[in-house]
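Each structure below is given as structure tokens.
Below, chain A partners chain B and then partners chain C, in two separate complexes.
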Partner chain A sequence: MEAIPDNAITRRRRNELRCALAVLVVLAILPLPISDVYTQNLIILTLFYAGLSQAWNILGGTCGQISLGHAFYFGVGAYTSTMLFTHLGIPPTLGMFAGGAMGGLMALLIGWPCFRLSGHYYVIATFVVGEIGSLLFLNWDWIGGASGLYIPFHGESWINLQFRTAKLPWHYLFLTFAAATWLVAWLIDGSRWGFAWRAVRDDVVAARSLGVSVFRSKMAAAVISGFFTGLGGALYGQFVGYIDPDSMMTGSLSVLISLPAVLGGVGTLWGPVVGAAILIPVRELSSTFLGGSGRGVDLMLYGAMIVLVALARPQGLVSLLALVRGGRNARTA
Partner chain B sequence: MTADILLQAVIGGLLMGLIYALVAAGLSLIFGLMDVVNFAHGELLMVAMFATFSLWQLTGLDPLMVLPLVVVLMFALGVAIYHGLIARALTVQFNRGMVQIFVTFGLGIFIRGLAQFFYGGEFRSITGGMVANRTVQMAGIYVPLPQFAASLVCLGAFALLLVISRTEFGRALEATREDRDAVALIGINRDHIFAIGWGLGAATVGIAGVMLATFYYVSPNVGANFATIAYVTVALGGFGSLGGALVAGLLIGEIEALTALVLEPSLKQVGMFVVYLAVVLFRPRGLFGRL
Partner chain C sequence: MPALLEIDHLSKAFGGVAANVDISFDVEQGEILGLLGPNGAGKTSLFNSISGEVTPDEGEIRLDGRRISGLGPVACAEAGIARTFQVVRSFDSMTVLENVMVGAFSRHPGTHAAMRAATDVLTFCNLLERADRPAHALSPPEKRRLEVARALAIEPRIILLDEMLTGLTPTEAQEGVALVRKVQARGITILMVEHVMEVVLPLVSRAVVLDLGKVLTIGTPEEIVHDPEVIRAYLGEKYAPAA
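What follows is the complex of A and B.
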């Protein structure tokens, strides 16, 4: 076997980081000239789902455990932060980390039994656990039950993460969230963990025979993934100002969390970002301009897009970028 | 709680369980054959329900009379889905498992959009027909006639599936399931078998849809809840096992009916979910699943 020179990997990783910095700078400048609230919201949501899907990708992509129950971690994070804020007065700047911790804890508790299952059995188990969670929250009166919780507004502040009219703070908040999840995914990608997790995804038996602890790898991936999903839930709760099980914990939200990564390129660093940049605007624009009639045209478009992308580019849209780059490399070589 | 209420719940659970079982059987059939979980299964159920509703509304025919027609239409729809999408999804080189999940999932959303387009979002129900709003009394227990008829039809469908599995075609189906590459050597057209498998799966859930439509409301989102139960049923019984789907369906129906007696109605699904998790914890392949 031909040894890959060590610096090829470090060079690739350094390039990825440079690329990310450039994207970060562009995204930091992007909102400044935009004054239209709808467009601002659209960009904010796209950044948010890029981060959220990156968090899913850590477990679903890198480690290969396709979870359709992530909305539960999301909702738990939102409820934790909101309850801490409304009952104990703990500001969401701290509460969101508690929300993330609860999300990670839930991922551990759910992962412990579910990681015994594989393939479709695992996918369905995560889905069922998410449904149970949502049912319990719907019937839990202390946390508002089906009617949900309003987050009281205490004036514009960074401490409480409340901004009623300004959109720029949200933009930078969610940009930070997306950047943080990307950075974590990048760090994992080059670490020992990244290699172990990818081995678990590609071939469980081979990974185990090489001394990788399969169960511990899955659990570690689940905790990190759950943490950032819970954190995202807390942030999103602050953004919309109202949380309830029907909007924070449904199976369709679980799928929406996973979709950007799946469409963009599962297990890749840029997949969730590219996927969100295409999926979220299409979804939002079609529901604004076609969904108002209630005639389902937006649903048809959304469904057709998922089918077409999955069939046409099963390795994800990000592979189109690689195609462009590959072509260029071939010419220079 | 009197014995009567308990008996009533047990019978109600049995009748509903047979429908759950038939919905799950269609899902299990497709999975067993080609390792594809159809995430548009609930939408197929919804299509059959709307087809029944429309035929009843347009022609005034009894829902039970249109059953054969809807089943044929559903068979054709299943074959079309296979040739249009699934055959392609089976040939992809990357992330095959994930592609199958999201292709069928996207198809489900698309069908839901179509239903919304043609029927709008409101709830509809079939108010006529020979079984509508009637009950039969058996040994002091009142049984709604639509549910009773539905359970008989579901049992008949199971018997039919069993007969099909014993025919020449059924053996070809089994052989394809065992080794999809080797069957080509003995002159079985794999593509053909897969297409018919999808047709049969869709027709099976179609039968359940027609019977369900005689007593259950119809709306574009009606499939979601039944699909969730079907996934639980199939995973509980074991993917690919017809008998497993039947046993698990009846079990789920009973657990739901009995949970509704002790917990609030909104929590009636908690019981089945908990039992499912408990079972797969000890038997990761479900009750009757093959490795």
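What follows is the complex of A and C.
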């Protein structure tokens, strides 16, 4: 075995891993002194969206294929796991992987036609296909149609991912989810795939002249992204105990999935994490103070945030960190 | 034994524009072949066909006797055809080393192996000290060299250079020429587009001159500069030697 090359890339990656470990330790300790249910839920949701948006980021950020149809993969994952649980008694700890597989499969089926489009056409296509998918689910009686499905409670259990009132299990479950998606993104980042996908995002013509298969790259990114989105949907279904197309599959959920990454920094490892840590608390606070009067308010809020970031920091908030670091390097250089 | 690259009666039109008309010539293993011609002569279009970016309407391109036309850019790259772009392209979110690694992965699937191979290529192209710069921060001549480095990283048998010396100062162009010679010394065959004759002719063993999509003439540098057709195409009617 030859030694690992010592260069800027390997050093950066080692640092990222160290950072992630530190963050993981802090987040593992964080809930222990907190007893307030509202705050507990807020942290749990933040972790959840950090993971979900990381999953989106694998396709939308690393590979540059901005999807606004991810709520469909999310919903399909939740329905798959729930149907397996209620009809066949398969525990969600297994069912969530089936949900992920279905999410990945849907991403493949939708990617097949949509990846032939580029730019805005691709974005619009994913949105439309996602909406059509949710309409199909709304009218599909076997899976509960518009009235949705309650997930029957079979008693406190890690196997079934059911906890009556305890919040700590959810905290660690979603922390694991966020950590797993981060780790997968980190692994991809350092691999042949990550390089190929970023090349596809930056310049398709140059990418394929170097032997990078553009279509295959997009499909691979879509499957992995869809898998973790579907898995997240299955977990979320267990968390809320009830799923319906309106809460699990709408276009506004698709936007919400993408938003932490967009705010924090598309295609960066920490973007989804930073973005979720800002967006989810703001969203919860606004719905507390403005009342749950309508979904319009949160959409307006997201819109305003996107416009703000797009105007002030198109590369996302984590680029502020790079700015600080860059400034320091410039001075020492 | 067939030539390394054979262009066999190739034609390509874009809408009504005939970019390449019935073009035939061979590129021999190890040589530097020049591809000359005024702007719009069809040089870049021909490169697009050879590199698989477009499919010719008629005719065939063979590498080592095997047809490669119509197989697409990925298959052409795998077969050993690399290219640079007249309008420089780079992966701007990546560093210089990462840009070259994208190419290196095609021969070295492991990250560390690709890293080592890309580092070697950067050393070869005199770009190693720029390895960790973002690609977009390079100077124009460095960007040209990055294009060559990225192309070399796929370990090609033949490399197509599209005006890599155009727009450079004489000193920079001399460095470019030196790099081309080094690439040839590695055993890589070169097909290079350049429309500054003084730069190209000393480098090449033979040159193909295109005009209005057709082959005007093929010959050694000596033959090219004395060809009345070439003089006419380049300098206009009044410079042509009286018949």
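Quick note on the criterion: the second predicted complex is superposed on the first by the 308 of 333 C-alpha atoms of A that agree within 3 Å, B and C clash if a C-alpha of one lies under 4 Å from a C-alpha of the other, contacts with A are read in each partner's own complex, and residues count from 1 in each chain.
We take it that a residue touches a chain if its C-beta (ideal position, glycine included) is under 8 Å from a C-beta of that chain, and two chains touch if they have at least 3 such contacts.
Note that the coordinates shown come from a computational prediction; the quantities given were computed from them, not determined experimentally.
Chemist: Using the touch definition from the top, say if A:V212 reaches chain B (first), chain C (second), both or neither.
Modeler: Second partner only.
Chemist: Using the touch definition from the top, say if A:V26 reaches chain B (first), chain C (second), both or neither.
Modeler: A:V26 sits against neither chain B nor chain C.
Chemist: Taking the superposition as given, does A:E131 touch the first partner, chain B, the second, chain C, both, or neither?
Modeler: After superposition on chain A, A:E131 lies in contact with chain B alone.
Chemist: Touch test for A:S191: chain B only (first), chain C only (second), both, or neither?
Modeler: After superposing on A, A:S191 lies in contact with chain C but is clear of chain B.
Chemist: I'd like to know which partner A:A8 touches here: chain B for first, chain C for second, both or neither.
Modeler: The second partner, chain C, only.
Chemist: By residue count, is chain A touched more by chain B or by chain C?
Modeler: Partner with more touched residues of chain A: B.
Chemist: If you stack the two complexes on chain A, which partner ends up touching A:A199: first (chain B), second (chain C), both, or neither?
Modeler: second
Chemist: So, A:L88: does it touch chain B (first), chain C (second), both, or neither?
Modeler: A:L88 contacts neither chain B nor chain C.
Chemist: Give the list of chain C residues in touch with chain A in this complex.
Modeler: Against chain A, chain C makes touches at 51, 53, 72-74, 77-78, 82-83, 85, 89-95, 97-98, 101-103, 105-106, 109-112, 114-116, 119, 131-132, 150-151, 153-154.
Chemist: For chain A, which residues count as touching chain B in their complex?
Modeler: 66, 113, 116-121, 123-125, 127-129, 131-132, 135-136, 138-139, 251, 255, 259, 262-263, 266, 294-307, 310-311, 314-316
Chemist: Using the touch definition up top, name the residues of chain B that touch chain A in the complex.
Modeler: The contact residues of chain B facing chain A are 31, 37, 85, 88-89, 92-99, 101-103, 105-117, 120-121, 220, 224, 228, 231-232, 234-235, 239, 264, 266-267, 269-270, 273-274, 276-277, 280-281, 284-286.
Chemist: Applying the document's contact rule, which stretches of chain A touch chain C when the two form their complex?
Modeler: Touching chain C: residues 2, 4-5, 7-10, 190-192, 195-196, 198-199, 201-203, 205-213, 267 of chain A.
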